[in-house]
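The structures considered in this document are given below.
Both complexes below contain chain A, partnered by chain B and then by chain C.
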Partner chain A sequence: MTLDWGVVWQNRDALIKGTATTILLTFATMAIALPCGAVVAVLRLYAWKPIRGLATAYVEFFRNLPLILVVYWAFYVLPILTGLGVSPLLTGLAALALNVTAYNAETFRAGINSIRRGQVEAAMALGMSRVQALRRVVIPQALRRILPVLASTWVSLFKDTSLVSVIAVTELAYVSMQVRAQTFRVLEMLTAMAIIYWLLGYPQAKLVDWIQRRYAVTE
Partner chain B sequence: MIAENNSGGRAKGTGATIIRYRGVVKRYGAFTALDGVFLNVHAGEVVCLIGPSGSGKSTLLRCTNGLESIEGGDIEFEGTMLPRDERALRAVRQRMGMVFQSFELFPHLTAQQNVSEGPRTVLQMNQADANQRAAALLDKVGLADKAPNYPSALSGGQQQRVAIARALAMNPDVMLFDEPTSALDPETIGEVLSVMKKLADEGMTMVVVTHEMSFARRVGDWVAVFDAGRIVEQGPPRQIFDAPTTERTRDFLSHLGWSG
Partner chain C sequence: MEFDFAVITDHARFLASGVGVSLLLATGFIVALLRLYGPPWLKPAVVLYIDSMRAIPVLVVLVWTFFALPIVTGLTMPPFFAALLGLTIHLAAYAAEIVRAGIESVRPGQTRAALALGLSRSQILRRIVLPQAIVRMLPAFGSLLSITIKDTAIASVIAVPELMRQSETVAGQSFQPIEVYTFAMLVYFAMLFPVTRGIDLFYRRVAHLGRS
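== the complex of A and B ==
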């Protein structure tokens, strides 16, 4: 078996573009899933009961479905429901955001719940409103606690963006598979893909480790 | 039921009544935590609440600033009934400082920021004025040099002194202390009690839930003995500690090994 690594170099432009799309998808998903996750968490904790139930249903629904199923579902069902032709990239982004928002909502909720009641009481004893206590006392502390979890979610998300390749989003995995299909250079392309994911993923994982040490909670 | 017996032997009993508890009842489900409490707190007085654990002392304190709601009777603060409405309650809480057994300093803020947080967020005071007030209060509790430290770098006694400064930063009319020294190492209890003594000497009105009988005796102007959600005896410390009139008070004090 002869290997031809030249194929990787010949397709560098496509691979670079694919990598850029992967990174873009990761950032865009988190940009949506962080604020939305926070909102869902707050709704689950404090909203009027029926709304609370809806938020819970949302979280439990998307947390317990395989992401790839959500991706397919968004691809086939969204156009039927909305009557709009949505690009694969936006469809993939929607699927990822729905999934990660559910995870982030749980992370935020756990973070808020981990702050003991006495902290809110101390804030309220000063004359703060519940909203002020949440904003000035609970959320800043909760954020520190959940930062490592959010960072882990980030690293998972970075790898999971590859799942949207099944609906032809031209990110790194899809591009690699395309080149493989055209050239039949399976081993070369899979290896190149692995190396790119790893080289990008490893520093992120190290960054997570650093964040976990840096923001370890001391009380 | 103990009647509103209040002026006999009460040195500062002539000041205006700041807090008036009238038949206060608090229930948690089937459990009655407060079963008709009558007590008056006058301006400038230090009123100590003593009694066995679970007898309702802390509950009464928590009802005073509305952290807990009451099921019966009423609580009057500065001549007005304690409001039920959250917004009105917040205005009342600003005039009552509270110090907790477990300090409850904000761990993400420095000592200085802990003290300036109330003035900043609640009173909308500007940064410079709030910092100045915080610095002055930290100095008052003897912790000027700890201003930039986070609570995790302070001893228990120091944390509790910061908590006292934090409560004072709102310029309260009354200070409520909920077992302020119960979570402390014996060697740091003294520094907290002496800050409290200083406050009392300056004329601060204080309601103190405590197991420190010597503090209640030395600093208290009025002592209320709790048992099973009621005040079984109240009077000046001389009476409570030297000549208790009820069996329950004698029992409680003898369990603590108190001997006059």
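== the complex of A and C ==
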């Protein structure tokens, strides 16, 4: 077995670009999924009943589907729905956002529900409106409980961006497998890919641990 | 539209997924016990393994076990075993974390009390800690099971003929990708929704056993 690790260095430009796309996808997805998740959570908690049902159905549906299937589905259905050719990157972004929004909505809902009802009642007894009670009493406490969960969703998202490689989004996994196919340096490229993911993901996983210790709920 | 239902109904495959899940749980338990009670020199390695698996995407692990591992070991594996191995290596780390959290959630005072009463370490684990811890692990294992089922879809990338891969094949043959993938979505949902709901309900019935 002869190994030639030079191939990794020769293709460094492509790998760096792929890594940048991976990071970009993670940030962009979260930027979309945070506000959308909040909206869906609020709809699910306080909206008119049929809308509440719809929001619940959306969350349950996407939480119970493999992401890779959503990616394929978006790849074939988005162009038909919108009538225009959507780039793989946008398609992947849409699929990731649909998935993460559902998870975030559930996180927000659980966070708000975790604050005991008595607190809202007490706030209303003191003359606050429902919205005020939510804004001043519930949300500040809920945020502390939501943050650790969001942090682990973030790491999952970072890892799940690798799945959009199946529709040829040129992120890290796709680029590495492309180079592998061109150069036949299978072991070197796949190991390099794993190491790059590890270098990026390991500190994130450790940071999540720290956030979870820092914000642990003690009642 | 023809669709290969054999993928879902095939007994062998059900058996295989059963084997997969048990393998996963067993490995997870062993890893967690090593982390908690193993020899001190082994602990850093176990922690590194767990944290690395939390940092690397499952796709990367699968692709590596299928394409790169045979080069290292000189053995070629059929895609199915590569997938089983890759998924087990990846998800066992998660299982181990769940087991550890469950065991650590049992208050240390109970262990001390049991030690004072003359029970051995393994007796304490078997008779006092695990019976409570296992109940507390249930919800987390429920979501892990759902994650496992979802991750099997990723095995389509290394051509394991599971539902996802079969859908790709049918989509390619029939030129009706939208129908096929929408149908596959419904099938996955129909598989996963009862699992997650069922575990929720079951946990609510047994939750009182985990209190102390």
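The rule is short, and it goes like this: the second predicted complex is superposed on the first by the 217 of 219 C-alpha atoms of A that agree within 3 Å, B and C clash if a C-alpha of one lies under 4 Å from a C-alpha of the other, contacts with A are read in each partner's own complex, and residues count from 1 in each chain.
The working rule: a contact is a pair of C-beta atoms (placed from the backbone, for glycine too) under 8 Å apart; a residue touches a chain by one contact, two chains touch by 3 or more.
Computed from a predicted model, the values in this text were never measured in an experiment.
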item	value
Clash or fit (per the criteria above) of chain B with chain C on chain A	fit
Touched partner set for A:Q204, first chain B, second chain C, both or neither	second
Chain B versus chain C as contact partner of A:A194, first or second or both or neither	second
Which of chain B and chain C A:D4 touches, first, second, both or neither	neither
Partner chain in contact with A:S162 - chain B first, chain C second, else both or neither	second
Residue contacts with chain A in the superposition, chain B compared against chain C	C
Chain B versus chain C as contact partner of A:G118, first or second or both or neither	first
After fitting on chain A: smallest Cα gap, chain B-chain C, Å	22
Contact set on chain A toward chain C in their complex	1, 60-61, 63-70, 72-73, 76-77, 80, 155, 159-163, 165-166, 173, 177, 180, 186-187, 190-191, 193-194, 197-198, 200-202, 204-206
Chain A residues touching chain B - in the complex, by the definition given at the top	118-119, 121-130, 132, 136-137, 140-141, 144, 217-219
Complex interface listing, chain C residues touching chain A	51-52, 54-61, 63-64, 67-68, 71-72, 146, 149-154, 156-157, 164, 167-168, 171, 177-178, 181-182, 184-185, 188-189, 192-193, 196
Parts of chain B lying in touch with chain A, wherever the complex brings them together	65, 67, 86-87, 90-91, 93-94, 96-98, 100, 102, 104-108, 117-118, 121-122, 150-152, 166-167, 170
